[in-house]
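The next part holds the structures, each set out as structure tokens.
You will see subunit A twice below: alongside subunit B first, and alongside subunit C after that.
After this line comes the complex of A and B, so read on.
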């Protein structure tokens, strides 16, 4: 029985990572209508930056390093928007072209990682070592930390979107970009903020997951793809739906990996994706047109 | 349909120039290999140009003309490759039949993928097709277990595939024969693609691109046309895959690597997204450039990624788009 509880907790950990990834994607898609294929590269970037900081920063306290990395990631998200998205937006059918541009950007960035850091795997420390022992049950402290961080980050994001001025601006642009322009919102600023937040979310996911997977140039791709499936299952643009979907798919992945092996996780995901698209194309929440 | 076919309006290119351009390309493609036939490295590049030209023009048809985000082009390539490889390896049939079987199986898979997801918005198609591309290696490696009678060969693939032969005459390693065999397939494909683009199907896609709601209200069934074009594109790509494995005589999952995906993406984008011979032109330019960039080592893919981003941002029509712009500039100047 204990094994199932442990699997359940491992599933929650994965769900947390996927929800961070998918919420970043959903936020970008909801606000700017860009399907960002480079979200996985931002994930990898976060992990590499943290790795560099841990090895070169004179005062390598975990939390200071993480906060500095996240500030850097916000800048990276902003810069990503300015370099790759902003120049494309003047084109007439940019909604179509931008997807291919982000795909090209992802491959460009990943190959830059390969050039700079080499193909060798790098390790990142965990937030806490050791584990809690509850009778027959063992939970590592890092796993618990992952779940707590993910939940608090998503609650914070929810508060940001519903309470702050910029959050409201972002929701307004998500509903109608033309309407937002008419009432005088600064669309460019909203775009920059969305990408900065998505960069932070990807960075958090990268720092939390890569202590387990190690860092290599393509580490972001599997996580990004699972994030995509989560995003579609949750209903594009709905954060609540994304959370449900992340929990479901995290559990599915853990149990599939436990019974059949980890390499079947992605095929099962694709199967679920196609079944969902056939029978419930609006996803679980279904708020999106 | 036949309206304005022979008249040149302000926004159409004089057909004489268009056909002059096509014929010039045709002549170059015929004569370049005859000059270089003793240089086996250049001949290899030329054969690869033809194969990638086939793939990227088929991709251009679905991505550029039909505006469907299909990222499964290499999956069709791999499906065609494995179909033909396994049929000739285990079944012992002629590679020529393998070529057709490869095209048909890729088209069938294309239709099966297209039926559920082409009804949805473009972004879903992008996600589904791309995840299929990434799942395929797992399935191929799984199919390579020794207990299967017809194994895919796993990560090592199947080696020693038969080359094409006519009667008792085998193509063997003579790249000139391979080049002209590939070129004939390419020309046939280009002819069919040209016909499709200039038929009512092409017209429907232009209408859908210009105003989707209006086209639909006139009764244009985009779902049907998208399925047709999707399967057609998969068919040509499957044939290219089969041709590739018989040429290299080995098939393994490395044909699904992201690097090759990027390479073909660069070809389509640089040649001209949605411009007729763009894919082929891009394939020739990029395959050469790629060989030329070998000395840059790991920076090669960084440069190719940069080409994608810069071309799409500053020259969305690619090479063909730039030529068209130049043509209109000259024409307008001479008229005024």
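After this line comes the complex of A and C, so read on.
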């Protein structure tokens, strides 16, 4: 019995990471209609920046490093939008062009990592070491931290989107860009903000997951791909649907890996995706529109 | 000196010239109705004035400033507000949230509570359904909400696109009465209609737009009394 509880918790940990990645993707897609292939690179960037701080500060405090990294990631998101998205948006048919541009940006950024940090894996510390032992049940403190952080971040994001002016502006642009123009919204600013938030989300995911996977230039890709499956399964642009999908796929990955082996996880993902899309072509929760 | 003036405007959709040499003006506090058959460029003219489309040639002048050189955000900030015909509302937001989005311009922020009361006064129905999603509204309710959202931007000049489109006859009368009420509050209005005599009755002046050109302009009582003009405008 204990093994199932442990698997369940491991599943929740994965779900947490995937939901952070996928919510970032879906936020960008919902607001700007950009499919951001470089979300995985932002994930890796967050991990590397935290790594740099841990190794160059004389007395690095985990939480100070995390906060500084996230501030940096917000700036990185803004800059990413200014460099790669904003110039492309003036072009006709930019919706198609921008997909290739983000893919190119991802390759560029990943290769910069290779040049700057080299191919060797780096390690990032965990928030807390050690674990709780409840009878025969053993839960590492870091895993619990991951779950708590993900839930808090998503609740916070929900409050931001429903209560604050900028959050409402984002939803407005996502639902009707013309309507947003009519009420005089500064669309460029809303686009920038959504990339900043996606940068923060990717950074959090990077800091939380890479203590387990280690950091290397391409570490973001598998996480990005799973985030992408989660986003499509949940329904493009729907945050609620994304959460359902993240939990489903996180659990499936852990249980399938345990019983049949890790190589079956991705095929089962695709199978679930196909079955869901056959019956619900817009994903679990449809769209924002 | 007129409040809003278009000076020899030409607007294109791709290669097609939709507006040819449009000269139109609206005085301070005036209500002007623009008539014309479907697809002859009425909406395009409103969108050109409000900045959603940029003219290829000509100027849009509002209180001595060139609107056609400004961004949409700045235009709205000047008090020129567009009320669209085709429900460009925010479907997954409540009626109240839609109205709050209307008070996005800085000039409307501090008036938010007063304007909201005014809108609920003008359209009591909106107050009743204020917690409903905009996607669930009927045609009439959606019309009220688009006009209400426009009023939340605290406009000095309101450009209303086909307010009676898709409305039952009794609702039309209500909407036009409300528009008349808005004008009496001191807001200048330019509205577009296909062939509704009501829109001429409340107007000070009217224009007729055919095939992208203005073919008639004058006092509205003249059009309403003249049999030939009546036929031209309203098909009766």
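The rule is simple: the second predicted complex is superposed on the first by the 286 of 289 C-alpha atoms of A that agree within 3 Å, B and C clash if a C-alpha of one lies under 4 Å from a C-alpha of the other, contacts with A are read in each partner's own complex, and residues count from 1 in each chain.
Here, a contact is a pair of C-beta atoms (placed from the backbone, for glycine too) under 8 Å apart; a residue touches a chain by one contact, two chains touch by 3 or more.
These numbers were taken from a predicted model, which means no experiment stands behind them.
Legend: residue contacts after superposition of the two complexes on their common chain; A:267 is shown touching subunit B, with no touch to subunit C. When both complexes are overlaid on chain A, the residue A:176 reaches subunit C alone and has no touch with subunit B.
Within the superposed three-chain model, A:168 lies in touch with subunit C and out of touch with subunit B [touch as defined at top].
By the touch criterion defined above, A:87 lies against subunit B but remains apart from subunit C after alignment on the C-alpha atoms of chain A. By the touch criterion stated above, A:185 is placed in contact with subunit C alone, subunit B being left untouched. Of the two partner chains, neither subunit B nor subunit C is touched by A:60.
Set against each other, subunit B and subunit C touch different numbers of residues in subunit A, with B touching more. Once the two complexes are laid over each other on the shared chain, residue contacts for A:225 go to subunit B alone; subunit C is not touched.
Against subunit C, in their complex, subunit A makes its touches with residues 168-169, 171-172, 175-176, 178-186, 288-289. For subunit A in complex with subunit B, the residues that touch the partner chain are 29, 35, 84, 87-88, 91, 93, 96-97, 99-101, 103-105, 107-109, 111-112, 114-115, 218, 221, 225, 228-229, 232, 236, 263-264, 266-267, 269-270, 273-274, 277-278, 281.
Touching subunit A in their complex are the following residues of subunit C: 50, 52, 72-73, 75-77, 81-82, 84, 88-93, 97, 100-102, 104-105, 149-150, 153. Against subunit A, in their complex, subunit B makes its touches with residues 63, 67, 69, 71, 116-117, 119-120, 122-124, 126-128, 130-132, 134-135, 138-139, 141-142, 209, 258, 262, 265-266, 269, 273, 298-299, 301-302, 304-306, 308-309, 312-314, 316.
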